[in-house]
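In what follows, a structure is listed as structure tokens, so that the remarks can point back to it.
Chain nomenclature is as follows: A, B, C and D, assigned in order of appearance, with residue numbering initiated at 1 for each chain independently.
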Amino acid sequence: MISFENDYTTGAHPQILQRLSETNLEPVTGYGMDPYCESAREKIRKACGCPEAEVFFLAGGTQTNAVVISSMLNGYEGVVAAETGHINVHEAGAIEHTGHKVLALPEHEGKIDPGELEEFLQKFYQDESYEHMAFPGMAYVSHPTEYGTLYRKKELEAIGEICRKYQMPLFLDGARLGYGLMSEESDMSLKDIAEICDVFYIGGTKVGALCGEAVVFPGNRGPKHFLTMIKQNGALLAKGRLLGIQFDTLFTDDLYLDLGRHGIEMAERLKKVLKEKGCSFYQESPTNQQFVILKNSQAEELKKHVSFSVWEKLDQDRTVIRLVTSWSTRPEDIERLGELL
Amino acid sequence: MISFENDYTTGAHPQILQRLSETNLEPVTGYGMDPYCESAREKIRKACGCPEAEVFFLAGGTQTNAVVISSMLNGYEGVVAAETGHINVHEAGAIEHTGHKVLALPEHEGKIDPGELEEFLQKFYQDESYEHMAFPGMAYVSHPTEYGTLYRKKELEAIGEICRKYQMPLFLDGARLGYGLMSEESDMSLKDIAEICDVFYIGGTKVGALCGEAVVFPGNRGPKHFLTMIKQNGALLAKGRLLGIQFDTLFTDDLYLDLGRHGIEMAERLKKVLKEKGCSFYQESPTNQQFVILKNSQAEELKKHVSFSVWEKLDQDRTVIRLVTSWSTRPEDIERLGELL
Amino acid sequence: MISFENDYTTGAHPQILQRLSETNLEPVTGYGMDPYCESAREKIRKACGCPEAEVFFLAGGTQTNAVVISSMLNGYEGVVAAETGHINVHEAGAIEHTGHKVLALPEHEGKIDPGELEEFLQKFYQDESYEHMAFPGMAYVSHPTEYGTLYRKKELEAIGEICRKYQMPLFLDGARLGYGLMSEESDMSLKDIAEICDVFYIGGTKVGALCGEAVVFPGNRGPKHFLTMIKQNGALLAKGRLLGIQFDTLFTDDLYLDLGRHGIEMAERLKKVLKEKGCSFYQESPTNQQFVILKNSQAEELKKHVSFSVWEKLDQDRTVIRLVTSWSTRPEDIERLGELL
Amino acid sequence: MISFENDYTTGAHPQILQRLSETNLEPVTGYGMDPYCESAREKIRKACGCPEAEVFFLAGGTQTNAVVISSMLNGYEGVVAAETGHINVHEAGAIEHTGHKVLALPEHEGKIDPGELEEFLQKFYQDESYEHMAFPGMAYVSHPTEYGTLYRKKELEAIGEICRKYQMPLFLDGARLGYGLMSEESDMSLKDIAEICDVFYIGGTKVGALCGEAVVFPGNRGPKHFLTMIKQNGALLAKGRLLGIQFDTLFTDDLYLDLGRHGIEMAERLKKVLKEKGCSFYQESPTNQQFVILKNSQAEELKKHVSFSVWEKLDQDRTVIRLVTSWSTRPEDIERLGELL
């Protein structure tokens, strides 16, 4: 059985496990105050080009979204997101659970459109009864999106400008950021992102870590007592070292980018194989998630040998499946997939 | 200045004020345990044809929606509603504030479509990752809707059947129920509604009371300790008599229906005048809210003499305005409006 | 049956009902934007000596506490209160329902002690792990307290100073403020309270209104978009006039103080009668709530003719009962009570 | 520098790291549906003697408490706990953040007293106004407690019986359960705990894991859709394997108990050394946390060579410090500590 089910099916990059072993019995203080976390923070600040940044480590994506968003919103505010945004669909209502509405905008290949965002905000404040509505208090973008697509730098800048105009922070969910950064279509670096966004997170879970996401507030304007907010949300690991060591390793010698690059290379190879086999794509994706249209029978057959997720039924006869590569995808698995198709 | 701004611009029906005066100095116990509340409950049970019903009085609509919905949902559930539903738009995120997502369906003249509801539910449970999504835990309908439209009995029955199939309670928001019941297009009585819905409320604020909504659980299957939930939400009036006396009056000699009838008669007269003046309607409405398309200049001019709300800009040149009649609308105000157009 | 059960057993002062009648059919805008609310706000600002104050009207006490406290606290903060404080005991967990802890201090006749407050705050910030604890973010005092007692001006000033030192707002719950202001033991005016507190409310429900509490932010530093927070909490009455007219009446010609004075005079008369009858008091109270120790048999007997609440069992043989006077207490009822004892 | 700061200062038991390495590149499904989680669940069910039990893995203690408690309580309920209970003090208000009150009982060496619990419950339901108060909906005990003390089996049974009588589930927080089970004073096995409690968790973070707590519902009566509740609270790790492999290792060949035993042996040795040095104890503790009274100067001096936490200032001259042993404590560190004292 080979797996293209997701980018979190395997463990961690071996260097991470090695560092965990090497440092294992050294006693350090808890809750992210240890030297490994501090070192990781410093390396991330450098990689982002913002020496003043506040950096926090959390365990997973939904948790990070909920803690960041609820800590930055005022009570009367909601968060604007694409209707297909992870926070609007696949987080079991975690944002609403913190008391805030997700204000859904139309999606375009998984992205929000700057023009539509501005129109939404204009309309909101022009509405006679806007004080009776949840205020737009933050914009959320995922990059890559849930469809594997990427914002162009110009698009993100446009969104950032609108956010500043309406005094809303811009939050970028980078659960798969490593793959986004290394995509051939990417025209943004970590530094660009840090310059444009008010807060973002660098995903570890899907890019080679056992768990962990690094939240970055580039401008040192994170919420007051954010550590206590993390604790209150049950998101503060006692052994913060587990996260610190992982991110310290990922941000040593550009390992994080290398892992992203591998995932992208495997995705490109996968696309090539799929195209050779005559598969058509539901959506063009320049990153590590590929959405492929199969006949139902073909999908059924493939399921016997390959694990993947069914995205949706396209029509009576055809199914959209999602194939995902990662830092740990092996070329031989892609070859094998080609043979099976 | 004449007003078609809303159905809560005037005070209460004079009989209500009179009853408040007559009973004013009589000491009674608080929190809805007084004889007036009990009498009102009994009359409402009778009017609804369900002698077992539990009846509670709350002060306003948003409050009622939030308390009822959050008390009936499990933590992992959201509430299904039309995208134009009051809870999804004009309650400042009150439902999300209680921790629950509003799951928005497309609207058709303000209503949800039974077929689309069923399709949504089917798709939800067919989704591989439905456990990562907010569960549909209740259906919410407003009747009349925010557009003044009404469900046909057959439609509501279909929705109720789907709800039972998926074990979701059906909740009807009757903020303007009096006008709905008296509309010429209505084919449902209070008894029908009580038979079809698991919970609904009879709106007082917009139908002749100073404040107050009566929540009815027809089957005596209301949430456990609902009184404490009301209290916890800050929705339990110390002087429950204020609500009890009002509903007791409204449900004496069919006053509630009489007030609804008056609002409808005025709406019909208003429609006639508008049509005579050549106005076109944004939406056909059989109840007390009328959505009229005016030229911008016409709307500006009218604003000097009449208060109303601007619904939306239709295009560059035209505006949709909302004109609302009520139990207290006077025929002469409609005539005057006609003269002004 | 005569009643000393509470100060909300009767309706409203007749002048209020009269004003409601007089203005009844005049159409005004909703949600507290009507001229009656504006007039009431202006009179309250004047009575409080703070022309800049923001004033909002809500329907009841628990609601007011929950909305004010949750709107002013940051997510990581709780509210400090006496263990007997209303928010800590008799509001069904309404504060926690908004996500915030009540940090209970020992009570002294229902009051918190400034020295103990300061010690608590010092200890908090000295604790190595204070970032793992709910921060003290506001101090809550009730005045009169749940035991009818009053803060001396010096005490409240001391508390206010500590609050400023620790950058916590001071909130005074004045559900029974009218009785507090008129007590012979009071050395504070409304202006004093407005000077010392960051926010307080003037209770209407228990001092002659049908419902309603007036929240005052003396320094015009209320929470941003507080109206939307009120709406989101289901606490915004559509017919705001109901609250505006009541407070406008209460603050015309000092009616509010007159009603407070009557309640106090009746309480003094009641105390005199009780003392003549040899009753002993559980707690000295200078306001309208009196806590009296009766033999169980005596309490049982009295219950047949008088409604009151049982405060607690003192021991095997004796019960503490609470007798409450109000703006509507009649001298003849006190006489009758004396005869019954 | 040697450390007695806590039981989470080092990494994981080496066997855990080895298993993580061995299984690292094997692709498995996420969210706890992998074979390692399943195997761990099976072993835990066996160790607890309840083949029907539902078992879930979460990352940390505060998270586990918040998710379990909020999932099991009704909206109108709070959780009863000792005033020193972890949920009442050191979780930054995480329980209240979920909307529920912590109902604090007096503590006796960190424990609640069955008699006082029953009295509290009796009084609650006897109170005339209990419907205006947060209902006691669950009892929370920590075992070992925050003071290192243990419930006797008889005590826990008594609490369990009271809980059943009042229809409240009993929840045992076993963050340090391994040390509790292996204490010489313990008279309870895992099976006993599973028999008495409705839900409990077996702490991994403090007993040899990198992170992780195993929640056990012995009677297969866990909350409906608990997985979705975990997700909604941001507590569902994508790579569930991280938790599964750890617990599978801990429950292979009784490793968990061995680690507990080592921590206890080290604690006994530490106590011996401390007694030899004439130290007095603030509190007798039969588990791995020791509370020692030092002169301030002595504590200052020790701080230069040993990391520990300051529990509290006992008086002007003396400080209570906490020394904690664990599965990874080395005998030589204890000897060294002895030399330093």
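One rule holds for everything that comes next: a contact is a pair of C-beta atoms (placed from the backbone, for glycine too) under 8 Å apart; a residue touches a chain by one contact, two chains touch by 3 or more.
Everything numeric in this text was worked out from a predicted model, so none of it was measured.
Participant: Check C-D against A-C and say which one is joined by more contacting C-beta pairs.
Facilitator: The comparison resolves to C-D.
Participant: Could you tell me which chain lies farthest from subunit B when each chain's centre is the average position of its Cα atoms?
Facilitator: Chain centre farthest from subunit B's centre: D.
Participant: Take the average of all CA coordinates in subunit A, do the same for subunit C, and state the distance between these two points in whole angstrom.
Facilitator: Centres of subunit A and subunit C (C-alpha means) sit 49 Å apart.
Participant: Could you give the separation in Å between the centres of subunit A and subunit D, each centre being the mean of its C-alpha atoms?
Facilitator: Distance between chain centres, rounded to whole Å: 33 Å.
Participant: So, what's the distance in Å between the C-alpha centres of subunit D and subunit C?
Facilitator: 41
Participant: Return the residues of subunit D touching two or more other chains; collapse runs of consecutive numbers into ranges.
Facilitator: Correct list: 75-76, 91-93, 97, 99, 131-134, 228-229, 231-232.
Participant: Touching subunit A in the complex: which residues of subunit C?
Facilitator: Contacts found on subunit C: 70-71, 74-76, 99, 131-135, 224-225, 227-229, 231-232.
Participant: Under the definition above, what is the set of subunit A residues touching subunit B in their complex?
Facilitator: 75-76, 78, 89-93, 96-102, 104, 128-129, 131-134, 309-310
Participant: Which of the residues in subunit D end up touching subunit A in this complex?
Facilitator: Per the stated touch rule, the residues are 2-3, 5-6, 8-12, 14, 17, 20-21, 23-30, 59-67, 91-94, 97, 205-206, 210-211, 228-229, 231-239, 241-242, 307, 328.
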